[in-house]
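These notes concern the structure reproduced below.
Going by the order they are written in, the chains are A, B, C and D; count residues from 1 in each one.
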Amino acid sequence: MKAMGLNALDDAQLAARVAQDIPDGAYVNLGIGKPTHVSGYVPEGREVIYHSENGILGLGPTPPLGEEDPELIDASKRFVTAAPGAAYFEHSDSFAMMRGGHIDIAVLGAYQVAENGDLANWATLDETFPPAVGGAMDLVVGVPSIFVMMRHVNRDGSPKILKECTYPLTGLGVVNRVYTDLAVLDVTGDGFRLVELTDGNSLEAVQAVTEARILT
Amino acid sequence: MKAMGLNALDDAQLAARVAQDIPDGAYVNLGIGKPTHVSGYVPEGREVIYHSENGILGLGPTPPLGEEDPELIDASKRFVTAAPGAAYFEHSDSFAMMRGGHIDIAVLGAYQVAENGDLANWATLDETFPPAVGGAMDLVVGVPSIFVMMRHVNRDGSPKILKECTYPLTGLGVVNRVYTDLAVLDVTGDGFRLVELTDGNSLEAVQAVTEARILT
Amino acid sequence: MDKSVENLATAVAPITDGATVMIGGFGSSGVPLGLIDALFEQGANGLTVISNNAGAAEVGIARLIKAGRVAKVICSYPRTPGSIWFEKRFEAGEIALEIVPQGTLAERIRAAGAGLGGFLTPTAYGTKLAEGKETRVIDGRGYVLEAPLPADFAIIRAECGDRWGNLRFHATARNFNPVMAMAAKNTIAEVRVLSEAALPPETVVTPGIFVQSVVEYGERP
Amino acid sequence: MDKSVENLATAVAPITDGATVMIGGFGSSGVPLGLIDALFEQGANGLTVISNNAGAAEVGIARLIKAGRVAKVICSYPRTPGSIWFEKRFEAGEIALEIVPQGTLAERIRAAGAGLGGFLTPTAYGTKLAEGKETRVIDGRGYVLEAPLPADFAIIRAECGDRWGNLRFHATARNFNPVMAMAAKNTIAEVRVLSEAALPPETVVTPGIFVQSVVEYGERP
């Protein structure tokens, strides 16, 4: 749901906006959900190498129907292909790439981001669900540029960009930049700093749906 | 030099004696020097898989002259071949095999062995030489059966089988069995226990050139 | 040396009640479905399963969980779409769960296989998953001390194997299979093709020393 | 993406005075002799060299040591037959030496590449090589805490590479080359053959993410 009265990017526009900041030659890990779509919008002429935690570097496009290899999947368990220059490896090597700082950028979804860069994206306060973390905690400690990509507010209108996270943390002080349907914000030593507003939005209106203060 | 008046196996006989205790199907690491020769004496019909720390499992025999591959060597830097069923791997995997308890038997040379199983085989007290340890310390902590193969006494007649090692240790309480030109001894909780004497030697005569007590 | 065994039932026969069993795979890729079904038939009970996921629908690990044969799951992500049986047992308090971040899971398994006593990882530092664990700060960075994670058995899947136990994998079906082979006392590998000839030594991914038995199971997932 | 560079001199140009440089190889196998010679010509001084051996005769690392360009060696076995130049400099107090057990050396390098803060190993527990190090006893077994060992550069040798930096090795020339590639900020790979086509993904041993440049050097040791 859109925040009332604000201009919001749709998912495709948001993916395209993030994609602009993926440079040529980057090694990139795209999280499950919205981030998966970023690869479809990287500008022509840039060669980006996508990593998937389950043991492939060089994810290619989705295979044509009927040509899927059931043993060639990505972290979301979707069928994929191998791009030219790809490599397969086992899990401890895959996570050495993540934890060891070899991947340049990870784009992740989030429940909450705090002004000190804390990220919450693996568990809520609802204890009826079993917890599940996957590779999120390894990514955030190891990858130097952590981009979060999410709606600016929850469906009920409550803020996701906070002074402090209330959900269990994925990592402490790990987020570098947040891309939402309403704005792009950098995490700095002083808190969130405005990079840009979605066309037509005023800072005041965006600040009104953001718990943390947005510096300019 | 032989201990005076005792019957001593020569190097080939000693290698053959050790080889008898290498069972079919064993994964074995042979140390530099005398232990290298053990593989030539393993009885027919036993398939033994030899590991070399520099990244090969399944060492085959020495290649014919002129057919050496300069990039296929063993830990002693001698040219080798790959036996059927061999595999190559990198160093951290190779030492995972050693440290992780996957290799069944290592046969090593020694300067000194003590009755509590301490082994000294990497450095003497002579400080004019730079120390060099290689893979010896990894082998002794990881391989369940450590066989030492050496002359019973030093060239000057001084004992190598001691109450306590005087040289820097390679590992603490790691030796299981000692094969010398004069006798075979097991290391037990109570100290060295006689397994066998080289034909013609009396226990008294062997004890006389052994600092540690030999139990029977 | 011949580590090949005739059929899946023989392969899983040594697995005992209460055993800790690593099961390879990620999602549906590289899962030893033949061995899991044989383990189902075999009857071992009270198992601790170490695997990335907790199975989906009614196949694989989910089949064992549905039948009440799994006492505990150690994994990173039990909530795969369709993991209804794990969720049911979990809600009813009928199954124990230890959540481990995926990279820490792989590294703990590797540490067991490599004979290490533990390692310091930045992963999960300051989070709920590090609660109760020893931590330390080195050069301003926080680390959690993690212990090795060994197992009695590993059941894994490979594309091709030989009688020495050497294995080769296909695409992303490699995943946890090689590290699990290192960490179990007894590793049982299901291979799509059991090669008569030895695998070329340069192409071996898991050397035979890490594998105790190999059984052919030609079906693809 | 094209990580290939035209010649050895260009490949080693970034290496600065005082840099820590990992050099692949074991004995004479898998040693990047072309890159070492280029580094000799290039002139960088006061180097810390991390390698299993300290060179032999007057080639490879020994050539750098002879010329007084190496301030410190971190290795497991400096005393290869013919390592006269290391021994000379060592006796004269002109070169520092840190001896690390071989498996610990490989594992410390891997820890650096894998982003770990250290690990507990049973190797060297109770010996001179553990003196001054933190130790602990777990389940009756002694362990030494070892730190990661990173480097500014790694110069390594492979059999075949492609423009993405993917590498494949030959026989026992693999040795330390893959772990060193992981652990250096800048890994420079000498390859016997630079392939026009991408290496098949199943055959890649070192994925290109660990390699910053690739240069062809056709000569065999």
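A few comments on the model shown:
Assume a residue touches a chain if its C-beta (ideal position, glycine included) is under 8 Å from a C-beta of that chain, and two chains touch if they have at least 3 such contacts.
All of these numbers come straight from a predicted model, not from anything done at the bench.
Shared contact partners of subunit A and subunit D, listed by label: C. Across B-C and B-D, the chain pair carrying more C-beta contacts is B-D.
Each chain gets one centre point, the mean of its Cα atoms, and the points for subunit A and subunit B are 55 Å apart. Centroids built from CA atoms put subunit C at 35 Å from subunit B. Subunit A and subunit C have centres, each the mean of its CA atoms, that are 29 Å apart. Annotation for subunit A: residues touching 2 or more other chains are 56, 82, 88-89, 92, 95, 98-99, 141-142. Residue positions 107, 110, 114-116, 121-122, 169-171, 201-202 of subunit D each touch two or more of the other chains. Every pair of chains that touch is listed here: A-C, A-D, B-C, B-D, C-D. Those residues of subunit D lying in contact with subunit B across their complex are 26-30, 52, 76-81, 86-87, 90-91, 97, 99-104, 106-107, 109-110, 121-129, 142, 169-179, 205, 220-221. For subunit C in complex with subunit D, the touching residues are 107, 111, 114-122, 136, 138, 141, 143, 168-171, 201-203. Contact residues of subunit A toward subunit D in the complex are 25, 27, 47, 49, 51, 56-58, 82, 84-89, 92-93, 95-103, 141-142.
The touching residues of subunit B, counted against subunit D in their complex, run 52-56, 69-74, 77, 82, 88-92, 94-95, 98-99, 123, 128-138, 141-142, 168-172.
Residues of subunit C that touch subunit B in their complex: 1, 110, 112-116, 162-164, 166, 182, 198-199, 201-202, 204, 207-210.
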